[in-house]
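The following blocks contain the structures, represented as structure tokens.
Each of the next two complexes has chain A plus one more chain, namely chain B in the first and chain C in the second.
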Partner chain A sequence: MLSLRGLFSRREGRVEERRDVETVSVTRRTIVLSAILGAASLPLVLVYVLLVLTSFSKDVVTGVELLQGRGVEWTLANWAALLSGQLSTILPGTVTVNIYSAILNTLLIAFGVMVVVVVASTLAGYAFSRMRFPGRRGLMQFIILLHAFPGVALLIGVYMVYLWLLNAFFARAPGLRDAYVIAYTILARASLEIPMSIWLMKGFFDKIPWEVEWSALVDGASRLRVWWEILLPQVKPGIAALAIFSFLAGWEDFVYVYVFTYLGTGGRMFTLATLIEQLVSRIETAELPLAAAAGVLYLLPTLIFFILTQRLLLEAYAGGVKG
Partner chain B sequence: MRLRIRPELLVFLAPAFTLIIVFFVAPLILSFYVSFTHLESWDLRDMRLWTAENRTLLYNYYRLFYMLTHDPDMQKVVLTTIAFTFITLVLNVLGGLGLALAAYLIEERLSTLFRSLWLLPRLTPVAVYALLWYYFFLGGPQGTLNALLMALGVIRKPVDWGFASPPLGPWAVIIYVNALVGVSFGMIIFYSALKSVPWEHVIAARVDGASTLQVVRYILIPSLRWHIMFVTVWQLLSLLTTYAHIFLLVDWGLVDRWWSTTWSLYVFMKAFYTGAGETTDQGLAAAAATILVAIGAALGLITLRLMRFHEAMTEPRGEV
Partner chain C sequence: MVRVRLERVSKRFGRVVALKEVTLEFEDGSFSALLGPSGSGKTTLLYLIAGIYKPSTGRIYFDDRDVTMLPPNKRNVGLVFQNYALYPHMTVYENIAFPLRLRKLPKRVIDEKVREVAKMLHIDSLLDRYPSQLSGGQQQRVAMARALVKEPDVLLLDEPLSNLDALLRVKIRAELKRLQRDIGITTIYVTHDQSEALALADKIVVIDSGVVQQVGTPEEVYNNPRNLFVAGFIGSPPANLLTGRVEKGSGCAIVAGQRVCPDLPISALLELLEEVIVAFRPEHARLDEAPGGAGMVSFEGEVYAVETLGRENIVTLMVDSVPVKVITPPDMMPREGSRMFIVVPVSKLKFFDPKTELNLEYLAGEHGETTGMQQRG
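Then we have the complex of A and B:
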């Protein structure tokens, strides 16, 4: 059977040992299985490569023209249009989007989600790992149920509260209104990540020996001080993993930014996700390369994190996934 | 020993539980309440529980039931939900198992490469991921799949995949796109479980002359029994509640609307989507959501049992 804690335990160094005692050629098996895996992965790799190529091309790149040796009309026009924010030069009609504010909004939301998730779940994770209180088990079970909850059912209620507050306090203050929209999006999106993050952090705290902490408590240190000065430095890798996950969760989100920042403001505010949604739903097929450029731009931070933290992600992602 | 709630405990729990109450508990109650009202187009000033014509609290539920029995679009939604959920589920679990086994059996460095690669769809922003497959399944000659098949001579004219021989075309597209995201969950869980299978068992079988296939069949897979059950239930739950990718494909007109709309997407679009001449109807959406919540809660409880919750809940030791 499976325990959540087990999912986060470090892999043992079994690799070398395996090779020594293996009696069947690993090489042949590796070649055969890799060929199968490679074939299955091909479409996956292909679509990412084609997205990047299309962003530098006048037309959508299908790969066939490259194989057949026909030329592709390479151009930087998509990137130039995207980065100058002058989408209207390429697009017919009234699409004038400030690309930098879209990037800024996306970044703000991702950072906000990261901060809220890290603070709330390192605090709560500590309490669940180290403190004894009535209802502890029940609350932890409740938290798992929340993680499994149909988000769309919540969204109706969350949007109602959003509208109430918007109409009651921010309808007449445009400057404050934008800040409110971003803040609400951050809190709502971060909440989705909280249940699993509490479990993740609890797992990390569980692995820290308690002797030092215990002696500090006996000496009269407060729980908060112990948490801050003794525990947090020891769970730094956990906090780093959590920070990356929650940043990416805020960064990749579509539904929440679409509902709160796009629909909720009547289409005034953009993030990279809603920008792409609008680019594709509004333009003719001939302008699809522009959407590809926006897509590559949006994908970049994810790819960078992905390449830098592959191992960490593979090991710790198990508990924090959905979908 | 007497237990009491200390103020410092509240400090630790307050941020997380404030968020949980505001963004989980309260919205759930609100959504349930909305399912009895006539809320339409987000006109919050008009949230009557009943009107002159309809003097029943269960108005939305009656409507939902009526649509289920009379509205062909709604029947498509139900069929799509069932087909999508079960086919994707099978592909996810088997695909995850296949990937995990293959990754376990090949050399470490290649294994990491493939496992990372298959994690990519999950990390890719929803809008970008949908865009990738939008290009791939695009109906015109610019669509990658069309261009490839035409170059190979398999088809003469471009095929509009998302609308081809409904429901098969649209189903194939949404299932393929979502299955690729889902397999990584099973892959990660199964792979870490395989890593903890005692290596001596494999060696013993090897010494007795077992082939790789026999090792997989008689040692590795039996040791994954519980993990397979857990992944199946968890993925079932996830598939019932995922809709973001499909929403974009429907929104962009890549796939047939009703042959691609799953139950949760139906809830989302009824509540928020104002396409051509379409108005939103939160009462109906909330009623449909209530049904989803009931199924979700049941599956969640099953998952809880499978996770062997109590093992993960060791008592705190550093208590003073």
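Then we have the complex of A and C:
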């Protein structure tokens, strides 16, 4: 008894803290978490910072020179060269590419992948969530299996189809040929994204109670109208997340883009990814500051998207992945 | 407003038979309750009328129009779901206006109707809110308004009050009854809560295992259950059941040591049985130290438990190790373990055939008719 009393009296000086078991002190938790996460992401952040600095410098910025107090020779030459399509700051005018067409191609492919993935998986996700048809379960399992295949493993087969179609229909039509190359790249890249996206969208549709759909039917709507006017607005976060992910998948893709648009056209058609590959392919002669500028340019949409949509993405991760 | 008629309607889900040969009629302007335990098929029946499910066999008529194969959007029914099923991305106004918008009515007419129905349901101050900003009772009203705004031929309610707290439920119950009377719309109400059904409906349809057990007024269903299921389901606590042996030749039965002699024609029917189940309501019996007089039957039992409910007490007694419940005045507090007499007027006893589970009174009535009709509207 006495010792207990002592325990209590020692506490009397402090403000009584009434906390439920599940509540962790907010300030302390925030500080600890920020410290840990900050430390963990520091190397990555540092690398990106150096990349941005290098793109404005004459030589590669490693950080060491900054610590030693040596100055960095700042310049806009890398960006000037990049934006005028020169692949070298040292020998201007020797090798040039149309940088704007590279950006356009990249955007075309990224938006194309986005549209195809969103349309296909919104429709298929609805069907898997809401329609009972024979083979539904099997098909869903098969889709998961498809997702497990790495895209690189499929490349040879997909390339054969690409070549066959190219030679059969587009060999003698140069105008259509470029359109075909872009379209094929979009479809091939999108089909890699679609399996997982269908599951994501199915999860979103599953969360909407049947009664809401029935209610709209009883109110006088057709099934298509219900899908468009009642269900789609409720899966908006899913669609938005999907749009972002698939846009980035198209934007960031290298292998498919390299094989179909670059190799497939004999090096005539560039995208940002293949352009950077050209800049750094021979590392010993590569002009790294120029490559850094291209890299920063390439990073921009990713950064913008993530900054704008952080909260939406969290919601998608928390809500979407549900069988 | 229409009369809703179901003709030998069955519904199967795979191998499960949810409804079996249901023939029913809901009169124009009537308020009917579909009452049954969960899984009895009552909601399935409602969805069949709404057109959400299609019957496996049988036909459904609105007046003389065959609607069996019509999709829900062609039936003009109003349906309120248990979880209200409001459209979360629309405001209250847009929710209520949705059915009218689908009919391509002019904006002015829609606005007029939405405001009118909102006023009637006292939600006119909530029109700009979203469903997530409303309380359960308010959401329920919005769902109601959305169902009523299109002036449906039939109003279907699927447990509309079960998600509300007890006090609100009783309040809205009275409003609902008044609303239905004022509009005069044919209303079918699904519930598992017998007090709701008894309080609201002109007619109760008791369903169990996909089969209609009884159709009748609340008074009929309560006081004269057609079979043992209804006797054991309706009432709180439900009817007491005691098994007895038929005394051949006398038209009487021996139940818990007591000779029970019903009037004709029950006594005649009794002769055809070996055993009989006797049922009586807890409130029809009284407890006494001494057996009752003429016209009464008195079962002796041992007091097992006394539950005090304020307005009344429920006393449980063991009669031949069968629990029997009796409702007594609140001042009646018999000692546990004491022996007392349960006194019931013979006229309040109902007799059931243990094999068919049917009330002999109904059997007597149906013997007179040539048809073996199971349900009478």
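Some points to look at:
Keep this in mind: the second predicted complex is superposed on the first by the 251 of 323 C-alpha atoms of A that agree within 3 Å, B and C clash if a C-alpha of one lies under 4 Å from a C-alpha of the other, contacts with A are read in each partner's own complex, and residues count from 1 in each chain.
Assume a contact is a pair of C-beta atoms (placed from the backbone, for glycine too) under 8 Å apart; a residue touches a chain by one contact, two chains touch by 3 or more.
Treat the numbers as computed from the prediction; the structure is a model and nothing was measured.
Of the two partner chains, neither chain B nor chain C is touched by A:Val115.
After overlaying the two complexes on the shared chain, residue contacts for A:Ile230 are found with chain C alone; chain B is out of touch. By the touch criterion stated above, A:Asp219 is placed in contact with chain C alone, chain B being left untouched.
Contact with chain B, but none with chain C, is seen for A:Val259 once the two complexes are overlaid on the shared chain. Shared-chain residue A:Leu46: touches chain B; no touch with chain C. In the superposed model, more residues of chain A are touched by B than by the other of chain B and chain C. When the two structures are aligned on the shared chain, A:Ile239 is found in touch with neither chain B nor chain C.
In the superposition on chain A, A:Leu107 makes contact with neither chain B nor chain C. With the contact threshold set out at the top, residues 214, 217-218, 222 of chain A are in contact with chain B in one structure and with chain C in the other. The touching residues of chain C, counted against chain A in their complex, run 47, 50-52, 71-73, 75, 77-79, 81-83, 85-89, 98-99, 102-103, 146, 150.
Chain B makes touch with chain A in their complex at residues 3, 5, 8-9, 11-13, 15-17, 19-20, 22-24, 26-31, 34, 42, 44, 99, 102-103, 105-108, 110, 112, 114-128, 131-136, 138, 140, 142-144, 146-148, 150-151, 180-182, 184-185, 188-189, 192-193, 195-196, 199, 203, 206-207, 212, 226-227, 230, 234, 237-238, 240-244, 247-248, 251-253, 264, 267-268, 271-272, 282, 285-286, 289-290, 292-293, 296-297, 299-301, 303-304, 306-309, 311-320. Those residues of chain A that touch chain C in the complex are listed here as 209, 211-212, 214-222, 225, 230, 233-234, 236.
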